[in-house]
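Okay, so chain A shows up in both of these, paired with chain B first and chain C after.
So, the complex of A and B:
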């Protein structure tokens, strides 16, 4: 029953860019798929496991830089770079998070933020990867193998679509698996989970590695789509926070959360940017910020909470709001 | 000699970091809310000083009470309009609200006053310096540091000695029990936000003579303040104070010996290292 809903969403998304053949709209659907996928990845460590990460830009950037460097310096296909980037991000996340998992709550969240900032600073002053100047990915003729398409956005859309479905199914698999129950037990009570014999560090580590690998994959896609990266763009706090915002907005800890959140936030940010961004006065981000505040104030349970609440209105309504 | 000069610079910068972090730790410790708009409140205070200087020729030190008052008011408004509604929200919703607020304030400033760097020109202190042996101390920096330390002391005394301060402590320990004891926790929250605003207001004023004023001016301070607050232990005022000095020192020494491009990375690295030994911050348990 639940999965049928998910397949319906997948089907609806697939027809979108073919129905509305506007380039701007297609761009938004691609960004939507990228960020919904990122949200699914982030949800595994934060939504399921309860370990708030403010530093997922680190893995996003590692994914983007791994494929870009390999293509830029050695001409290796971004597909290989994507796989290597995911493995690399999983490895780095394991090394970095292992000592951090001793920290609880906000102490862990700030540690992830610190890690991302350190990695950003290192890339800014690392000459081999062109430092703060960033890298423009050399333009090649349209080719699936080189993941570059200039005539139409549809191929990018299809790649993003497939990756998004993979990310969502990974999240579903993690949730439905025994591991998902372990992770949720850790989220609800770390001590109780440990008392029940769950190796909390090991499962948190698994969750982090899966989450960062998914994030890195979208990093590669983003780099190939924008065809330019610099450390501030891919490692910045903005990316980390955007992933956090849209998942929290949609509904934390649910597979549907990132999809709903991204469906609201991405068109909002892209359309305000297109219509109001040209003035260079920041009106777009001003409205975007104000709308986030309004949504947070009036629907503090997330949009998914709104759905759930309208569903069981009546006797239970009084109970949930009490 | 050079070493002493660098250490001194670090301590001076660190004291201002401390004051910004003290404002953040008050709110964080009391309500468990991460205020992403903290640095932006500081930016507003810097603009207040700038405009009072440009339009009315007020010296930054004369406008100190005005700018601190404005940020205190801003703190109360933020609490009443936004935070009040999300303080009991589940998950990270409060964070979402403050992040949106930060975006709004920062871009509102950009909309009104453009992203250009502006400078507060002459103040009674600008360009003055003290020479002790070979060590040079800029008077604006020294006053900024001393003012920050004094302000931290006042806040700590306020929390410790006054009745309102004790109400804040009680609410931080348990909101329900504090309410049963007759504490108006709504008011306590509003007062705490005002105090937090005063901290960044004073810090922003003291810095406006030294650093350029622009919409992103508070961003790095806000980010460092998160690390400092966690390093000192959430809700711990003196913890935030010492952690601020430590981060200032790390930045100055690291910037001098390894290169300025690494100074922020080192500040974040110190956090990760210290937390390996003290998982709840320097002074937390």
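So, the complex of A and C:
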């Protein structure tokens, strides 16, 4: 029943850019898919496992830089870069988070924030990757293998769509199986999880690796879509925060959360940019902020919690009137 | 000849200069119900934490099923078949009762189906079947304690340790908990129970170990313990002494 809802959402998203053939709108759907996918990845470590990461930009950036450098320096297909980027991100996340997992709660969150900033600074001062100047990806004729399309946005949309579905299904697979139960047990109580025979460190590590690999994949796609990257753009706190905010707004710990959150925040941010131009920079973040405050105060489970509450109330109403 | 399942040898645990457990040794044999009693602050929960791997003992050894488990992590100890409940219950609040138990059942199940079958079995045995779809956070304290036991049983343990599983329960609930313990024991389960509710554990225990201020002051059958002068002075109190005399006199 629940999965049917998910397939319905997939189907609706697929027809969007073909119904409204506006380039701007197509751009928004692509950004929506990228950020919804990022939210799905982040949800695995934070929503399911309860380990708040404010540093997912690190893995996003690693994905973007891995494929871009391989293409820029050696002409290797971004598809290969995407896979390698995901592996790198998983490896680095394991090395970085293993010591961080000794920290609990807020301290873990702060550590992830710090790690992401450190990685950003490393890239800023690393000459081999053009430092703070960033890299413009050399323009090539339209080709699937080189993941570049200039005539239409539809191919980008389709790639983003497939990756988004993969990310969502990964999240569903994690949630429905043993691993999902284990991760949620860790979120609810560390001690209880250990007493149930769960190797908490190992499972947190698995969750982090899957989460960062998913994040890196979208980093590659983003780089190929924008065709320019610099450390501030891909490693910035902006990216980390956007992922956090949209998932929290939609509903933490549910596969629907990031989809709902991205569907609200991405159009908001893109349209304010279109209508307000340079002067409006940051307005979307102000609205984000206000929304988050409202959500945190009234419904910590996000928009999804709001749905569930009204549904429950409706059911109760039906019961009392029947 | 009974086979020792859990052996605690000269276990000492210190927090700074505070000695919580001082050279404690005892044995739990296979198929026994042993209870651990003592006044508040005697070091019962600390001892539990040392045995179950939450604390690493300062010195001494813990041997379970012939293997040294001193300093092993909790999840390893649980996998070997020794598991515990918590004095302050730790339900997985945002998960349903069924999901709570299922999480434990995955430990020795090869598939989700197998884990689900085991979960159903455990839920029926612990009388939680009717509440299986409720969120664990919304249960009453008695049911939360029952859930602790159910979740633990789902890990298919050889021996379980209950940390004040009956505190805060009413008479009927205590009786149900006692029955559950006895039934488990009949099916071959070994139990180590920390409890303050004397009326509940004295009748079902094979042996009783008494701690006071970190030291073991007595060990023996419930009969021996309730007549032990030192135990009465330290813990049971004159009233229990008089009451037990009455009961014994009646018999």
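Assume the second predicted complex is superposed on the first by the 289 of 322 C-alpha atoms of A that agree within 3 Å, B and C clash if a C-alpha of one lies under 4 Å from a C-alpha of the other, contacts with A are read in each partner's own complex, and residues count from 1 in each chain.
Basically, contacts are C-beta pairs under 8 Å (C-beta built on N, C-alpha and C of every residue); 3 or more make two chains touch, one makes a residue touch a chain.
Only a predicted model underlies this, so the values are computations on that prediction, with no experimental measurement involved.
In the overlay built on the shared chain, the residue A:118 is in contact with chain B alone; chain C does not reach it. Touch criterion met: A:290 reaches chain B, while chain C stays clear of it.
Looking at the shared chain after the overlay, A:306 reaches neither chain B nor chain C.
By the touch criterion stated above, A:178 is placed in contact with chain C alone, chain B being left untouched. In the superposed model, A:191 makes contact with chain C only, not with chain B. Overlap of the chain B and chain C interfaces on chain A comprises residues 253. On the chain C side of its complex with chain A, the touching residues are 52-54, 73-75, 78-79, 83-86, 90-95, 99, 102-104, 106-107, 112, 115, 151-152, 155.
Listing the residues of chain A that touch chain B in their complex gives 52, 99-100, 102-104, 106-107, 110-111, 113-115, 117-118, 121-122, 124-125, 237, 241, 244-245, 248-249, 252-253, 281-286, 288-293, 295-298, 300-302.
Considering their complex, residues 177-178, 181-182, 184-185, 187-189, 191-200, 253 of chain A touch chain C.
By the touch criterion given at the top, residues 28, 34, 81-82, 85-86, 88-97, 99-108, 110-111, 114-115, 215, 223, 226-227, 230, 234, 259, 261-262, 264-265, 268-269, 271-272, 275-276, 279-281 of chain B touch chain A in their complex.
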